[in-house]
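Look at the two complexes coming up: chain A is in both, with chain B in one and chain C in the other.
So, the complex of A and B:
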C-alpha cells in the first residue's frame, strides 16, 4: 500500500439534535497524496464542509460528534490526538481557508497581530522575525505594499485582499495540506480569477497538497487533479479530473454536469435533476439518490451501493456498475 | 426604437453621511447615466460585478427608489411621474423577483396569505375565485398539488421552492414585465436549472418581458436575448447575446468572460487568460475619464481624461471604449 498524506476511512460525523440524528457525513473514505489537489464537490448540505471540519477536529460539539472512522495524517490517526497535539497540527501541518474571510478575521486585531500569532505559536520565532515573515507572506500573495497592509485592520481591506490575507495566514507555516472551503464563493468573478491564479502559483511554490471544497465545477476543472463527488453525506464518485468531466458514471454526476450552465455553449432547455436534496435526518433507503435517479432499479431502493471500480482510479457507488469489480 | 421599457440617462446617487452632525461626506455614484430599452417579449440581461449598480437600476425601474435624475418610460408613460391609480396600475404590470428567497418572503405569513393578499388588494379576480387563483398560480410554478403547499409557511420550503413561490407572487397580478434580480444566485446548481427552465416556460406561455439582473454570464447565455454589461454605474457594452459572445469588444467584458470558469478541464486549461489586476474602484470617487482605465490592459492616454460614449458599432452592438471609436 502506498502511503497517502491524508487518508480518511469510513468517517461518520453525526449531529444529535432534539429532532433526531442528522447524518451529515456518513461513511466517507478518501485520500490525498503529497502534492495533489483533490476537489470535494457537492451541493449545499451534502456534508462537504463537515468533512473538512472533521479533519480539523472543529466539528461544533455538541451537537456534532465524530462517531466512527479514522483520519490518518501520514499514518497517524488525528482522531486519537489530544487537544494539545491537535493544536500542533492545525496551522502547522494542516492550514485552512474559509469561505467568508470577514468572519474568520478578528475585526479588532491588526493583520500583523493575527498573522504573527500563528508563527510565534508554531515556529517559536521572535515577534520581530514573525512580523518580517508576515510581510514576506503577504508579498508572496501579491498584496501591494505589504509593509503597510500588515498594519491594517481587516475592515480596511477589500474582499479579495482579505481572502489573500487568510491564505497567507494558512500558508505561513508551510503546511503539508491546505484545506480550502469555498475560497472564492464570496468574491466577484474578476477577483475570483485572481485568487485562482494565486492558488495555482502557490501549489508550484510550496508544493502543498490541497483539498478544495466547492460547489462550483468550474473551479474544480481549473484547479484539481482528482475529484470526489458528494451527495447527501456520501461520496458517490471519485476519479481524476478528466475522468469526471469526460466520462462521468454516476447518474447524479451526469445530471449535475449537464445541468450546469456554460459560457461557451448555448442550451435551449437545460437538463435538470428532478426533486430536491433529501433530508439527512431521514435519508432515503438504499442508494440515497434513488428517488431522483432516472435509472433507478429495485435493488437501489433496498441496498446502498458499494464502490465499484470502473476504470483504474475511477470508482462509482452505483448499482448500474455491479458487473465491475468491487 | 420604442420598446416596452425605455430608460434614459438614469442616475442614482446615494449620499454618504458621517462624522459629527451626520454631515454629507460624499456621494456613491451607484447608477450614473444609464440608457437602454427593452422590447416586448424579450429578455434583457444586466450583468456586472457587485457594486456596479445593476440592482439599483432594477429598483429604480420598478420604482422602489426615486432617481437623482433621468427618466424611465414604461409603455410610453414616465414611471417617475405616476401617481394614484396610475401608479397602482403600473405596479400591476411590473413586478419584481428578489435575489434572496429567504429574506423576501414574510416568515409569519402562510403561502395562502402571501398569494391572496395582492389578489385581494388589486381586485384581480372575483373574491370567490381568489382561492382558486392562488392554487392555479402555485401549479403554474410547479408546486403541485397546490393543496399540499397553501397552508405551509416559508420556513418549510427549500431555497428552490421558495424562489418558485417568489415567482408565483410576482405573477399574481398578471404582469407584463418582470424584473428578476439575481433570482437563481442563491440556489444550488441542480435547482438553478429547474428555476431557469420555469422562467423560460412562463415567458413563452404568458408572453412576459424580463429584465434579468445577474453576475453570471453563463446564465445570460442561456436565457437572455440581449445583454448590457455594467461597470461602476455605467453600461460599457450592450449587444445581442450571441453577438456579445462571438464578438466581444470591451476589454472589461473580455476579462469577465475569461474569468468565468468553464466546467471542463480541457477547455479551461487551454484557453488564454485575461486576469485583471486590482479591485473595482470606489463608486464614491470613480476614476476620471473611462472608469475602467485603472484596470484596463489596453488603456491609452486619452482614456484617463476623456470619458468614452456608448456608441453603436454596427447592428445594435454598442461599446463605450476609446479603442473602438
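So, the complex of A and C:
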C-alpha cells in the first residue's frame, strides 16, 4: 500500500428520485498523491461534480445518498466521520472552489468578514490577526491593493477578482487538497489564463494537491499531472497527461480529443461524437459508451469492461484492450 | 485557447485595479438616496421623528404633569390650554405630550419582542426544515388563528395591566407573521450557492444561520418590524380604551376612554389624542413603505 493523500474506492452516489434511481456516480475509484494535480474530465452530467461533492460529503440529501464505497483521506475513511468531524475536514483539510464566482460569495458581507470567518472558525485566531491573514492571502492571489479590497463588498469586484477571493478563502487554512469545480468556466479567456497561472503558482507555493474538475481539456493540459476521463458515472480511462493527449486509448477519449478545435490544424468539418449522453436512470447495458462507440463489438453490449492496464499508469475500461491485459 | 504566459507588469495591475474596483458611495448614502425618492416616506419619517422628540422632551414642552388638576373642567382650547381641559380639569395638551411616551414605548418594544421571537423561530424552522419545521409552523398557526385583540384582552386582564405586560402580550401575539416571513426567506436563502460555499469551508450551522443568512434576510424583517410598531400602538390604544392600559401612566387610549362619555360636551378631549394616534401610526406606515422601497429597490421598478 502506497500512501495516497486521497483514495476513493468503488464510490457509488445515487439519487433516489420519484422517477427512479439516478446513478450519478457509479463505481468510481481514483487516487490523488501528495502535491499532485489530478484532472477529472467529462461532459456535463457525467458525475464529475457529484464525485467532488461526495468527497466533501455535500451530496444534497435527500434525494442523494452515497450508497457504497470508501473515501480515504490519509487512510481515514471520510464516510465514517461524524458531521462535526467532517466540518473540521472541510476548509481545513479539503478546500473547494466553485464554478461561478458571482454567486458563491455572500452579497451582503464584506470580503474581510467572509475571509476572517473561515479563519476564526478553524484556527481560533483573533479578529485582527485573521484580517491581517486575509490581506496576506489576497496579496498572494495577486489582487492589487489588498488592504483596500478586503473592505469591499462582492459587487464591487470583477469576476476574476471574485474567483481570486474564493480561491483565497479555500486556501486560507492551507488545505492539503484543493478541489476545483470548473474554476474558470464562468470567466472570459484572458481572466481564465490569469487564474490558471495563479493556480500553478499556488501549487508550487503551498504544495497542495489539486483535484481539477473540468470539461476543458486545455485546462487539464495546463495544470494536471494525471487525468481521469469520466463517462456516464464511470471512470473509463486514467493516465498521465502525456498519455492521454498523445496515446489516448478509449474510443470516447479519442473522440473527445479529435473534436477539439486546433489553431495549427485546419479541419473542414469538426469531428463530433455521435449520439447523446446516456440517461443515467437507465444506462445502456454493458459498456455505457457502446451505443455511440465507433468500434463497438458484441461483448460491449453484454458486459461492462473491467480496467485493463495498457501501459504503466495507463488504465482503460474498454474491451478493445482485452488482449493487452496482464 | 490559452494566452501565452507573460509576466504581468505593474501596468496590468493598475488596469485591473481600475476595472475591478468600482468605487460607489457609502451604503448609507445610497440607501438614503433611494429612501428620499418616496416623498410620503420622508413626511412619515418627519412625523415619527417629531413624536419621538416630543416623548423624549415631554417635561420641557409642558409644565403641567398630565394627571394633575390644573384648572376648571371642560375649558375649550385656548391660549393657556391649547387643547383644553378634561372632565377633572387636567390639561389635555400635557396628556397628549406625555401619552406619546407610552405609545412609542409600547409600539417599539412590542415590535422588538415580536421581531426577536419571530426571527429566532422562523430562522430555525426554515433552516432546519423537516419535522422541526412543521412542528414549529403548527405552533405558529395556533398563535395565528387566535383573534389577536381578544387574546390580548384576556392576557392583560389575567396578568395585570402594567406597561411591560402590555408590551409582552403584544409581542407574544404578533410574532407569527414575522416567523412565517423569516422562514420563507431562510427556505430560499439556504439553497443559495454562497451557503454551499460556506458549508464547504467547514462553517458551523450557527454561524451560517446568523452571520451568513441573517444579513441577507434583514430587509423584509426591518420593513415588517417598522409596520408592527404601528400596529402595536393601535393595540395598546385599544386596550387602554377598554380600560386595560397601565393605570399609572397616561396614554392616548386612556384619554380616549375617558373622553367617550363627554363626546358631545367636549370634542377636544377625544379629538387631540385621536389625532395623535392617527398621525403616529400613519407616519410609521409611511416609513415602512419607504423602507420597503429603499431596501428592495428591484421591486420598485414598475
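Observations on the model:
Note that the second predicted complex is superposed on the first by the 325 of 326 C-alpha atoms of A that agree within 3 Å, B and C clash if a C-alpha of one lies under 4 Å from a C-alpha of the other, contacts with A are read in each partner's own complex, and residues count from 1 in each chain.
Methods note: contacts are C-beta pairs under 8 Å (C-beta built on N, C-alpha and C of every residue); 3 or more make two chains touch, one makes a residue touch a chain.
Note that the structure is predicted; figures quoted are calculated from it, not measured.
By the touch criterion defined above, A:266 lies against chain B but remains apart from chain C after alignment on the C-alpha atoms of chain A. Contacts of A:44 after superposition on the shared chain: chain B is touched, whereas chain C is not.
Once chain A of one complex is fitted onto chain A of the other, the partner contacts of A:218 extend to both chain B and chain C. Of the two partner chains, chain C is the only one that A:166 touches; chain B does not reach it. Looking at the shared chain after the overlay, A:310 reaches neither chain B nor chain C.
With both structures placed on the common chain, the touch criterion links A:256 to chain B but leaves chain C unconnected.
In the superposition on chain A, A:137 makes contact with neither chain B nor chain C.
Of the two partner chains placed by the overlay, chain B and chain C both lie in contact with A:192. In the superposition on chain A, A:22 makes contact with neither chain B nor chain C. The contact surfaces that chain B and chain C form on chain A in the two complexes overlap at residues 158, 160-161, 189-190, 192-194, 196-197, 218, 222. Residues 49-50, 158, 160-161, 188-194, 196-197, 200, 215-219, 221-222, 242, 245, 255-269, 273, 275-277, 279-280 of chain B are the ones touching chain A in the complex. Those residues of chain A that touch chain C in the complex are listed here as 56, 58, 87-92, 95-96, 98, 100, 103-109, 113, 117-118, 121-122, 142, 144-145, 148-149, 152, 156-158, 160-161, 166, 169-170, 189-190, 192-194, 196-197, 218, 222.
Across the complex, chain A meets chain B through its residues 43-44, 158, 160-161, 188-194, 196-197, 215-222, 241-242, 245-246, 255-257, 259-267, 269-274, 276-277. Within the complex formed with chain A, the chain C residues making contact are 1-3, 5, 8, 13-14, 16-17, 19-24, 192-194, 196-204, 207, 211-212, 215-216, 218.
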